[in-house]
Every structure is written in structure tokens, then in C-alpha cells.
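Working notes for the structure below.
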């Protein structure tokens, strides 16, 4: 082998060796990945996310993907001649919209199964109906009826435990049933969070379209790499957090309080952000953690 | 208790006792049910089929449902402004049609899951993509390219075995992937037949819109209740069998030859036809069986 | 099929479907059946009881039969030239009587095994000696020595758990050993009750020769279909309960307090009373239940 | 410790150490013991046999006891005013006699269970009815109907395998059922032999009332300690073997041919004959073995 | 068989039967044997110890051997031109000495494996490094640095549990690692004691070069056969115990307090002392037991 | 994160993703690594080898290390005043040398255990004595007695299977026992080869001090990256192979013929050569493979 080639392969080996302690730390641990945003639209990013999760599976972790389908749903709603409607950021979901939403989410679901299968790993795509995974009640938006939008009341994780034990990579779309076994749409962030709690995940990672939490969103240099629950609460109280970040952060804090060890807000627009977060000592995005947990220096 | 009531409950007990030898015979055996036709459209029949399969599950059988979605697919194809097209009875399936077919089949799939869950049994809805269950190659109709219509080349039953072992009732929609992991539509009869062979089912039951096989279709009194593979072959050779029955009968015969013990063509328009076939000594429809098997008198 | 036949089979299917929720409720649950009285003498009733229990086994319950042998023991005692003797309803059991009682109980035991085996279910007949199941101490009747009559001091349920796990239907005759490994006769009601507690049975059903508990035994219209432990205690305090019913009711109340969910006093003279109680919504006899348990309307 | 005591305990240790290779050789192996004759009557011998079998169980073997009840049956037949009757050494067994025989055999069976339990080992007493262990057809004696005497047609060893796996010591009494599930008496030697074959026992030991096989029964010095099947056949052909020994020897030879490694005819009148045979290098009685097996020097 | 021979074999059987209750009592129980002293040097005694432990294994116990290597280490230290050095009875262990000590201990370890394997039992020789079994910190002797001498801080018994479950006889040499994964020598008594506690052994037996604990070491007639922890404490307080016995007795008391049921100080110079202690009712040496435990009369 | 950093972490992710198909290919497969030569002496290389093997373990492979101890043995032989002696490349091994060899090999063995444990993986160090793994007979060199040098006659892989199943990384030193349970030294290449065959390893990798097999050892450019068994045989026949490479190549060919899928001769002097071989598409050294196997292009 030539000198230059040798140098190159050496560096490769070094990267693998560097991954060793991380592989050890998360061995047989459950990692829930909320998959959404740009990373679900850009074909290249999509491929990278699936590669990352598949790799996590192969080196001994137990990943679960929870995905949304946002823009694709709107596209199909329009295709059938209806107009998408939102109330406080929640999709107004009449019966016809619900039917389309379920069809689209399942289509997206199976396309992810397909990509994982292509990489040689056994995947199974389920919705919150299968095995009674997600049970909901009707959610109102400031008292207003917005149709088949569900608030999770119960997670029955047996189906996920069964599938993980049989070595499948479960891919979940956020649809649930209420007490009368009617179909409801669920916010994917909420579903990921509730599932992570129910299976006592080691990590919950949100792939988002932002770099992380900023002290001052206007100033990119104020990205916070680690945030305890108390600190997050202070930031919120002080009015630093707003928009779509507020419910997401609330979700993160609840997950931590219900036993998930660490929650990450990652920038899904960065290729392989998941892998980078887990396998290198260069932290990416913002990690939310328990107050008691000794901070682990990321930078 | 009053005399009349007592008489009534006695008769009920008698029916349950009558079911005893049938429950014994099929205990822990796999029964594949091809679910289609009117029984999928009429809401009352639908409820009965699901009750029947759920009961089979509860008394110790291992049912697997394989379903189609025929008319519903056409309805959605039209809804999006396209025109359904058929070649020799096979749906011409371009990419746009395939996308809709997959969405509709998955929607139907999850609605069946929902109904089974409502009856208190754990169901899981999968397609042939999950766990790589159904692998196909492109199917041509008399040499003509009809798009994403697949011919099954391989069944990987591990996912079904895993789910049955974990006590789920699997519900399968007939979509598969080719060698390049592209999505294909599969004829539901073919899928049911291939799956029954792969899991070595004890029984394969087709819910159809006919009463069974007739010697003379014009004469209702010529319904055949039992048919060996040889007899079926003769009937075909003699030109008695035609139309949609021919490929179905071929499927049945192949299943028998590949190890399925008994195949039934049932009239799905009769309420609880499945239960009646299995639990009473009044045979329904036509049973196809091996030449060697001693005929078991049905009427 | 003719119209009339069709009508008939439809009704049959309906009965099976009606059984569905009951099958679900008791799936994998243990049901202890105290088998005695007329139902053990009348050949027709005997056949029905065995059919019922076998059906329960086949549809997924875990029944255990505990039986007595009363009249048959007296018959054999007389046959060998002795005179049966009773003290306060308890058989005075000298060594010779004990020997005969054990022989007769084991004979009865194996004849039940035989009947269950004939229906195609694996049965195993044991006494309280096998696996050290029932350990006793000498029981005195108002201070009087009545010989080898034992009071249960310990139940070792491992043998029953092993047999249930291996899918046997255990049939138990009420004989036990004291601390010196001497043989003792045990009241079958006591044995059934102690076993139901030890295996944490879901149900304990007594097949008796009465219709159930009456408020006023003289007035058949006062049959009580549900009775909480408190209500039973009141009835006793008020002197409504007497005769053989008193110890039986005490047994029932103790069983409920030790964790058995529901105890039934059934009329064994009604064919298939067990099946009717469990599979139809026509309650039979009297159910004893915990005060806390919400009454479940039977009529 | 005094010198004399020390000497004594040393010798004890030596005996235990001597047992070591034998314990190893039969570890986890099945040994069927046909228990009958004087060893079942003399209380002291009885205790020794049970001690021996219990010890075998505790040091890792898997013993199964098969026992008769001969003289005790006759005693009870007479007790109920009947006269025992024999045809060619087989008990003429009408229905009444069969009923008594079954009661007596089960009584003996449970008394053995009792003795083993007293030594702290889990025993379970079954008959050939339990789990359908022994299936028979009517046996005729030179064409003469002798009632409920059965010839074994099928052994279903699952129940024994289940019980051994759950660490029980099974004790079997030789009663079986015919195709109509009628009760039959079986010769205990035949039952032991058929069971040993069905469970592929390593050893089958008959406890008898003779010292072993003699070349010349009149001359005690002609006791044969090892006999191959061929040699046994020659002895029979030459007319050396007669009386009750002939069927027993035929049984032994059949067992060897059906896969039992070694059959022993032991003198049950010698205390601990079983232990001596297995744990010391002083062979006792006569061992029957395969022609191919290299003779293992016993004296 | 001759009269005299028969007499002899009878006595043998008697010894085996006498062992029965002891075999039962310790069935599937863990027994840790600290093997050291003369019993490790004298070839004949060595053979006896290995025979004893192998027998214990074969009759169903779960023995673990922990051994030292004392004199052999000194011999090799001298062989390489160094001088063994001791501080308060602890070997001063510089790096070079540690290297030799580890080599010698492993050699001894594998020679014991060899002897056990020769008797047909699966043995595996490990040190406290394997599976991270023994973790230590540096031990100082009255504040003085004596090199690589370790004090046990943590026992990780998983490796022993795994090996016992897979039916191996584990043989352990007392070497451990500190927090920096450096190699340390450990006192074998300490190791045996810590291991017995960690695996919750039923018995811990020290093979020593003394007869047991004496009230007055000068008077052989004052050997104590049973000693409760309180009594031991009194003896120590009263100054009766000194020399090497003091730390050993402290170890014994600690083991009892941490859950080991019974600790024995045996005279390893007596052949088969282990077997005699366990299988006969002639106690040997001194047994240390809990105050609460009712004394079990040994003499 | 800065641009430059981002670039760097991206490249890292790329390397991990590149490893994906390799991780998949060898998942749950056994890889035997013969560890020797410079890689055992140079501390840096040693660390790399251990890191590599540990990583293989963590990502789901089942590695087994087989190691020698060559130079270290000679060093200790000299240290005790003896002179190492070789006959045809085999160490003349008298009893004293054997004793030292065993001590040294075990010391090396445990130091490797230590290094693996330090990386957080459970290791266990065994020799061929443990569990009777390696049985040998005396090996002669051209008819000359060279002492305790053994030729493997039998491999008993149960101990390795048990340890792999319990998730240990087994490290084996090449010492075995002959039929009389005497200790023998074994060539480490032979041991690795015999073990790989016995456990049906997927890969056997030799870490050597050469770059691989050359067509012309004098011309570095003639390194052969893939060699079928037939080609190897030709090379040997044509006299291209000589020295220490000849027996090694014979070993490789035998392994292939006995079922090992692929054998690698790697240059142990290259850091992480093992990782590079397995995880990158830059082949290193020479791979020996079956004639039938389609060549897999490495460069």
C-alpha cells in the first residue's frame, strides 16, 4: 500500500477506535429518534438519517424512530381539493383530513421501512393503533374543537418491547385511538416524548430545523450546548424561549422528569448529526439533562 | 330461572360443546384468511369476519389475515383525477397509482387492526415490506409492461413467526419490494397463498363472492363441497372452470401441493361463514384437499 | 344449504360469538372446580361436567378439578363389612376406613382422568400426597378424636404450577399427609378452597346439590345471585344460613379474603351449569365477591 | 477424634470416593426400576429400595419406578367375597376384579409416593391412564378371554419426560386404557419393559425373588453374572430356562434390542441390591447386554 | 457371593445411605473451599482434596475452589535470585515478585484444573482478573508500603454465576486489579471469604494445618467443635486466640455476618476431611455459626 | 461549530457509515485472531490489537484470541539458568522448560485479559486444559523426541461456546493435555487453526511479522492479496513458498478445507491492521479462500 493510502486508512481506524467508549456506553440502550423537518424532505439527508439509525442498531443500540409527515399531508389534502387549516399551529382535522393524514403517514412510514430494509436491517412500521400502543382523548385548542387531534392518555409499550426483543427496528407513526377506538392524529413530538418515557429510553433525540436552543435567537453565538431542567425553566420564565421551541422544550423537560436520561435537540439539516452527537466528543445542538446530573463537558 | 330461559341456555351450552372437537383439532395451528370481496365492503359482514377471526385467535388458533383493497383503491385513484385501468384483470399500476394503492391498502390495514383491537386482541398491521416479508419481481401480462405489479419470488416468514410467537394477530397487506427495493402491488390471493405455504398453514380460507365451485355454474345445485387436486385438474381440463375462478383454483392447488393441509373457498356474503366452516359439521363452500387425504364427509 | 339449516347454523355462530368476551376475560386464568354431589353420580351430568372443564381448558383457561367421593366410600366401607360412622357430619376415619377411602378416592380420580383423556386433553390425577401438595394436622370434632381426618396446614402448589405449565389438566383428590407422613382424609370443600388460595385462582366454583344461597330457604324466589362478603356475614349473623351451607359459605368468604377473585355456588344438577355460568350472561347460582368489587349485573 | 473413630470415618470416605466413577457414568441417565416380589412386602426391604432409588435421584440419575401389587390385590379380592382366579399365570380379571385391582394398585402407588416424599424428594404417582401413558388391547391367553388384561400397544412417554424435566421421581402403576378408553390391568414386567424402551433408559432393573439366571437352577454355583442376548437365546433353545424366568428373560432381550443399554435381574431380597449393583464393583444378579457390547468384568 | 463379601458390600451400601440426608441438605448449594497448607503440598492429600470436591460437584453441590500458592512462590522467587521478604506476615511484593507470584499462582491453578478434568468433571481456572472478579486497593501494613498487596474492595460474582450455571467447577487464584487495572496479590483467605459472601455460599471451608480452634492451644483436649460468633468474640477478647488464627477467625465471623450460613476450619492434613465433614455425622475441626442458629450436635 | 471542525466531524461520520456493511456482514460471527509476533512485544501495537478486538466484540462479532508467548518464554528459561534449545524450529521442551512455558503463557494470557477488561469488556483467560479444550499427543520432529511438544488430536469447543454465549471474550493460550493428562506445549498457529475449525469460525486472522504472501519474497511488489487454496498449492509446488510461511500456509489451507470461510495473513506491525482489514475496503495482507468462492475485489 502506498504511503498516502496508509495514512488515510490509519485515520479511519482512529475514528472507529474513538467510537469505542460511546458504543460501550449505549450498548443495549433504547434511543428514541423523533424524525421530522428538513431531514425528512431532502433525499440526501433522509438517506443519512436512515444510515445513522441503522448503524446504531447494528452496533448494539435499540433505536426507535417516531416520525411525522407534515408537509406531505398538506400536499395530499390539497390534491383532493381541500384546504389545509391550522388553529394555533395544530392542524384542524375533520374526518376527511384524518383519512388522508393516516394514509400519508402510513405511506411515509413504509418508505422508511423500505430504506432500513435496504440497508439489511429488519424494520417494522407500525402506528399507534397496532398493539394499542397509543391511546388518546380529544384535544381542544383554547376550548375550540379542532377535530381528530388527540392528546396521549396512555402508552402501552408491550408491542415495542416485543419488537425490540425480536431484534426489529420499530418505526412509529403518530396515530392513536380514543376510548371508542376512533382514529386520531397526534403531534409527533408528543408521541416521541411519551414513547421515550414509556420505554424508559436512555436518549431522546429531536431532529429539528434549528441549531439548538439559543439564549438570544437573534445571536447565533448564544447557542446553549447543555441545559438543565432548572435552567430551561428560568429561560422560559425570563421569556427567552418562544415559538415552536416552547412546546418542544416543555416536552424535553417532561421526558427528563419521567426518567429519560438525556434529551437532545439536534440540527437535522447537518448530515449525520445523530452519529456525530453520539459517537464523537463534539457535541451538536443542545442537550437537556437532569439538574442532578453532573455536567459532561461538550466543548 | 324460568323453564323457557333454561331451555335456551341449554341449547347454547350444546353449541359450545359441539365446538369442542374442532377447537381441539386446530389448536395452535396457523389459519391464513384471505379477506376480500363483499365481506370487506358491507359493514355488518366486516364486523362478523373480524369477530370470527378474533374468536379463532382466542380459542387457541393462530390466524393471519391477508387482505386486498380493490374497490377502495379505484375510488381514490379517481378522486385524484386519474382513471383506473386494467389489463387482463390486473391493475395497470404506474408510479402515481402505486403511491395511492399503497396509501389505501395501509389505511384499510390499520382499520382492520383497529377493529381487532376493539375486541381486545393484540393486532399488528404490516405490509410485505416489513421484515422483508414479500419479495417480488416485475410481472408482465402477456408480455405487456403493466407497471408496478409484482410476482412473488420469495417469502421471508420470520416476521410472521415472531409476531405469532408474541401472540399478535398479524394483518398483512399485499405490497412487496423487488431486488432494488422498489414498491410493488401484489394480487392478494397470490399473497395469501404464498404466505400460507411459507408458514405451513393448516388451513387457507378465501372469503369470496361466490358460493363455491360449481360443476355447472349455471346450475346452483351442482356446488361441489369437496374437491381433490386431481378432480380439480380434471374439471379445468374439461373446461368447467373459467373466469376469476381459474387463477384462484390454481392458487388453491399449488397451496395444497406446497404443504397447506386444506384450502377453502367460502362465501364471504354469509355472516360468520368462517366460524361455521370451522366449528360446525355443516360444511360451507368448497374445500380443496390432497388426493391422498381421506374425504371427510361434510354433508 | 336449505333456508332452515342456514337459520340454525347462524344461531350457532351467534352463541360462539357471544362467548367471545368471556373467553377473553378468563384467558390463562386458573379456575378451581370443586366437583361433588349429584353431578358425580348421574352419568349424564358427569359427562357434562367433564365436557365443560375440557372445553375451558381448550379455549385457554387453566382449570383444576378437586373432587370428593362421599357415597362411593360408604358403599365400599359397607362392602368390606364395616359400618360408616359420622360425627358432626365428619366421617369417623379409623385406619381401615382410611385405607378404603384412599382406594376409592384414587379410583374415582383415575376414572375422571380417563374421561378427560377420552376427550383428547392431557389429564393427570394426583392426591395431596404427590409433590407434598397438601400437609395436614389431625382435626378434632368438638374435642373428639375422629381418626384420620385432617385439617390443612400447608399447601405446596409447585406440583400444580408445574403441571399447568406443562399443559396438563390436574385432577386432585383430597388426601394429605401430616408431619409424620401419615395419610389423612380431607374435606373436599376445604381442599378446593385451600388450593384456590394457594394458586391464586381467578374463580372457585362449587358444584352443589342446591340452587344457590337463599334468603329464605323455604322460598325458592329468594335465591341471591350476588353476595358480597359483608352481606354474607350479615346473613349468617341474622341466622339465615344453616346446615351444610354454613361451612361452605365460610370457605367461600375465606377464599375471597385470601385473593380468589370470585367464588360461585352452582347447582350441579343443571347440565353444563359451569359453561352457562362462565359463557353466558345468564348467571346461575350465587356468586360471592369482595365488598370492593363493583357488582356486575347478572340478571 | 480417637484413633478407632478416625479409622472408621476414613473407611466411609473411601466408600464414597469409590462411588465417584459410577455417579459420573450414570449422571442424568434414566434408570427404570421394576419393583415387585418380596421387596414390596418386607417392610425393611421396602424402606431400603426407596432409600436406594431416592439416593439415585439425589446424585443426579433419573429413576422411574414401575411397580406391581400382586398379593395385595388377591387379598382384597378375597376380602370382598370373591375368589382370585389365574389362567396360565395371568389373573382372570372380570369387571369387579379390575375395579379392586385398580384401587389396590393406586393405594400401593401412593404409599410409595409417601415414602419418597418422607425422604425429601418430590415424587408423583401416576397410572398408565394419566397423560395417556399406556394404551393397550385385550390380551388372550391361548385364545381364552381372561377379561381386562391388556397387552401394551403404545407408550406415550411425554408425561414421563415432562415430570423428569420438572425434577419429579415418577412412580407408575401398570394400568392402561384400550381404544375405547376402558381400564385394563397390565403385567408390571411388561409395563417396565415398554416404558424403559419408550424413554430410552440407560438401565432397566428387575427386583425379583431369585438370585439371577442359573445355567442349572438346581446348582446355585451356576449363577450367570453376564449374559448377551445371543447367549440368552441359546440357553432358552437348550431348555435351560423355564417357569416365570422365561417371559422375564424375553422382556429383557426385547428391551436390549429396542435400545435399553443394560438390563439387570437383581435379587430384591438382598438389602440395597440396587445400590450395590450400581455403586460397587461387586456385580449382583445377572446383567443382560447386547452382543456387541464388550463384556465389563463384574467378578 | 460369599458371606464375607456380602457383609462388606452391605456396609458400603450403609455408608452411601448415611450420606443421603447430607446430599439433600446441600443440593444445588454453593460451597467455597479455601484450599491451602499441607493439603496443597502432599501429593496424596492433594489427590484426596480434588476427589472430594469433584464428588461434591457430581452429587449436585456447586463447589468453588479458592487456592493460594505460598511456599511455591517463595521457591520461585529464590530461583530467580531474589530473597522473599515478609512484613507482619504479608509478602513484600515489588513488581518483580508480583510477576513471579502471578506466574506461580496460575501454574498451580491450571494444575488443579488438570486434576479435576482427569476425574471427568469440567473445570475452569480463573484469576480475580477474569471478568473483573476481584477489584482491590493497595493495602498498607501499619502504614508501611509493602508493594502490590491488595485489599478487596469489590467482588463482581457474575463470572462465577455464569460458570456455575454452565456446570463448570471454578478454581480461583487470588489475584486482583486496582482502579488503574494494575495487578495485585491478595491473601487467599480474604479472597475465599469475600467470594463466599458475594455468591451467598451455604458453606465456606478452610483447609488448614491445625485441628481447629482450641480453648487452650497447649491442650489438645480443648478443641472446640462449634462456636457462635459471640463466643468467638469472647474468646478473642479473653486473649485465647492469637497468631495466624486471629485474622482467619475474623474472616470467618465476617462471612457469617454477611450471609454465609456456616464456616468450617478443617484440618487439611486429614485425608478426605472435607467429605467427612459434609457426609458423616462425625464433625471435624471447628464450625463457626450464627448466634441465632440452633446448635446442631456434632459429637 | 466552526467550518473546519464541521468538515472534520463529517469525515468521521463518513468512516463510521463506511463500516456499516462490514458490521452487518460479520454480525454474530466468530473471528479467531492468532495474536503473536511484534504486535505482542511493542506496547503501542499491543494496545491497538486489544482495542481492535474489543471493538469487534462491541459491534456484535464474537472474537476469540489465541496467543503465543515465544520470546518471553526464552527470556524466562534463561533467567532460571537454562539454555533455550530448538529442533527444526520447535522448542525442545523438557519438564523444567514446560513448567516455565506454562507459567509465562498464563502470565501473558492474564495480561491480555487485563487490557480487555480495562476497555470495559468481559474477558476470560483460559488454556487448553480448561474444560478439556485441547487434547494432544506427543509430537516428534523427524522421529526425534523433543519433549512436551504436543500435536492436537481433539478440540472440545463446548467451553468456548459456553463463554461466547455468556458474552465473554475468550483468550486462549496454547497448552493442552495428552491422554494421561500430562501438560504439553502447542504451536500457537496450530492451536488457532484447530480452534477456528472446531467453532466453525467465519474468519481466522494471523497477525504476523510479514506483509503477506509474496510471489517473489525478494520483490515487495509481488504481494498477493487473494489466494485460493489451489493457487496456494501451486505456489508451494513451484517452490515459491518457504521458511516459516510454509507451515502457516498449510494451516490456512487446512482451515479453509475444514469450514473456516476465510483466512487472513496480516501484517501485525501495522497499527489497527485487524480493523482495517475488516472495516475498510482497502484489503491488507493476503486472504486465503476457497476455490469455489467468487473473488471479492479488494483493491
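In order of appearance the chains are A, B, C, D, E and F, and numbering begins at 1 in each one.
As a convention for this text, a residue touches a chain if its C-beta (ideal position, glycine included) is under 8 Å from a C-beta of that chain, and two chains touch if they have at least 3 such contacts.
By chain, UniProt protein names: A, B, C, D, E, F = Acetylglutamate kinase.
Note that the structure is predicted; figures quoted are calculated from it, not measured.
Novice: If you average the CA atoms of chain B and of chain C, how far apart do the two points sit, in angstrom?
Specialist: 43
Novice: Express in whole angstrom the distance between the two chain centres, defined as the mean CA positions of chain B and chain F.
Specialist: 55
Novice: Among all residues of chain B, which ones touch two or more of the remaining chains?
Specialist: None at all.
Novice: Could you tell me which shape the graph of touching chains takes: line, ring, star, complete or other?
Specialist: ring
Novice: Taking the contact definition as given, in what order do you meet the chains if you travel the ring from chain D through chain E?
Specialist: Here the ring order, chain D leading and chain E following, is D, E, F, A, B, C.
Novice: Per the contact definition, I'd like the list of chain B residues that touch chain C in the complex.
Specialist: Those residues of chain B that touch chain C are 1, 5-6, 9-21, 23-24, 27, 48, 51-52, 54-55, 58-60, 119-121, 270-272, 275-276, 279-280, 282, 284.
Novice: What does chain D use to touch chain C in their complex?
Specialist: Per the touch definition, chain D meets chain C at residues 79-80, 99, 102-104, 106-107, 109-110, 113-115, 117-118, 122-127, 129-132, 158-159, 162, 166, 168, 175, 177, 181, 183.
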